Amino acid sequence: MPPQKKTADLLNESLNKRILVELKGNREYRGILEGYDHPHMNLVLRNAEEAKDGEIVRKIDRVIIRGDNIIYISP
Amino acid sequence: MPPQKKTADLLNESLNKRILVELKGNREYRGILEGYDHPHMNLVLRNAEEAKDGEIVRKIDRVIIRGDNIIYISP
Amino acid sequence: MPPQKKTADLLNESLNKRILVELKGNREYRGILEGYDHPHMNLVLRNAEEAKDGEIVRKIDRVIIRGDNIIYISP
Amino acid sequence: MPPQKKTADLLNESLNKRILVELKGNREYRGILEGYDHPHMNLVLRNAEEAKDGEIVRKIDRVIIRGDNIIYISP
Amino acid sequence: MPPQKKTADLLNESLNKRILVELKGNREYRGILEGYDHPHMNLVLRNAEEAKDGEIVRKIDRVIIRGDNIIYISP
Amino acid sequence: MPPQKKTADLLNESLNKRILVELKGNREYRGILEGYDHPHMNLVLRNAEEAKDGEIVRKIDRVIIRGDNIIYISP
Amino acid sequence: MPPQKKTADLLNESLNKRILVELKGNREYRGILEGYDHPHMNLVLRNAEEAKDGEIVRKIDRVIIRGDNIIYISP
């Protein structure tokens, strides 16, 4: 079995870095990853922006995003 | 592994403070966080307001919000 | 960690009192809370009324509401 | 903590009595409760009728209803 | 607590008998019950027919139906 | 309790044989069953074809199908 | 019981190889598999491309895809 990079490894490397989070319903969040719950994939972001259909609709100091609605996370 | 801020840490810091809760179906609640269930993310708010599509539709003294429908929580 | 009011605390205080239950699909129930299952949030109400889009559509002596469909509960 | 009537208590009292079961998708079943699975809320009914949008669409001698789709049960 | 007929009892009695299975999306299956998984309610049927909106659309020698999509089962 | 054929028995008998898998959203896969995860019903197929609304839309050498989306499996 | 190829076997063989991932909502990802979580099927891809309705809509260096939304994975 070759070594692999698990979800938790990549989330760990992304702590304190800017990530992109795509949710169901064409919602997108960008912000700095402060923490995450494993394995739920709930995320804590700071300095976040919410975009809908490509437009920034809200700026949010700090936000908890429920993992349930996440499609993908990109560091 | 750098220190991180977990969901429960941020919810803890938000106790007795005003938070914004966005639910599926364009519903939004604002109110003072009195408690939460971990890891379900069920919330107890007081002095809450429900908004739909940006308009306040109801004022609610106290409310239990099921975590299932939550998209994000912003302290 | 400050003291908090958990979902179960608030449900407990609401026993034998009138509550409002909002379900998915614009359904609303009002009735006297006789009991609940934790953590499923299934509820037993008596002297209940079902409203749809704001109109009372049914009166129900006693009803078990599955927690799955609940958006919020307001004591 | 005052005594309460749990879901299972009310289902127990309803054994061998006629109940009404409302499912998602405007389906309704009426029949005599023969048994239930706890906590799934799967039900066994006999002498059942299925109604859709208020009209009886089928008579069923015996039926197992999956708890997943249930909105409420009324004894 | 009066004796009751649980879901598994009724499925057991129905082994090797013809049953009707109603799924979400107006699909219906009829066939002889060869086995089931408890508590998932996955079913194995033989000599089965699939109907959609009341018309037979396929005959299937043997079929595994996932319990997830089942609304009701009628022996 | 009469002997029964469980889901896992039928999947086992179907190893290295051609099966039909119907998914939600009118998708259908045909291919040779190489393995399955129990009880998730995730499947590994080889020499597979994907059909949508009755037309073959893709040929796939090997494919993992998530059990979640499966409606039925027919050996 | 004949030997079989489980989901985890096939994912293991696919490490560091290009895979195709089909998600609900007509989304498709192609990229090199760096790791996966078992049994959630969350995936880590690098050099990934997102396609929607057959068109490449985004290039992503690294991405975590939640297993929940996956329909199939093809190595």
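Read from first to last, the chains carry the letters A, B, C, D, E, F and G; within each, the first residue is number 1.
The definition used in the following text is that a contact is a pair of C-beta atoms (placed from the backbone, for glycine too) under 8 Å apart; a residue touches a chain by one contact, two chains touch by 3 or more.
The structure presented is a predicted model; accordingly, all values stated were derived computationally and were not measured.
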{"item": "Count of contact steps on the shortest path from chain E to chain G", "value": "2"}
{"item": "CA centroid of chain A to CA centroid of chain G, Å", "value": "18"}
{"item": "Separation of mean Cα positions, chain D and chain B [Å, integer]", "value": "33"}
{"item": "For chain E, residues that touch 2 or more chains besides their own", "value": "68"}
{"item": "Ring walk, chain E to chain F and onward", "value": "E, F, G, A, B, C, D"}
{"item": "Parts of chain C lying in touch with chain B, wherever the complex brings them together", "value": "1-2, 4-11, 24, 39, 41, 67-68, 70-75"}
{"item": "Touching residues on chain B, where the partner in the complex is chain C", "value": "12, 15-16, 23, 25, 27, 29, 34-37, 40, 42, 44, 60-66, 68-69"}
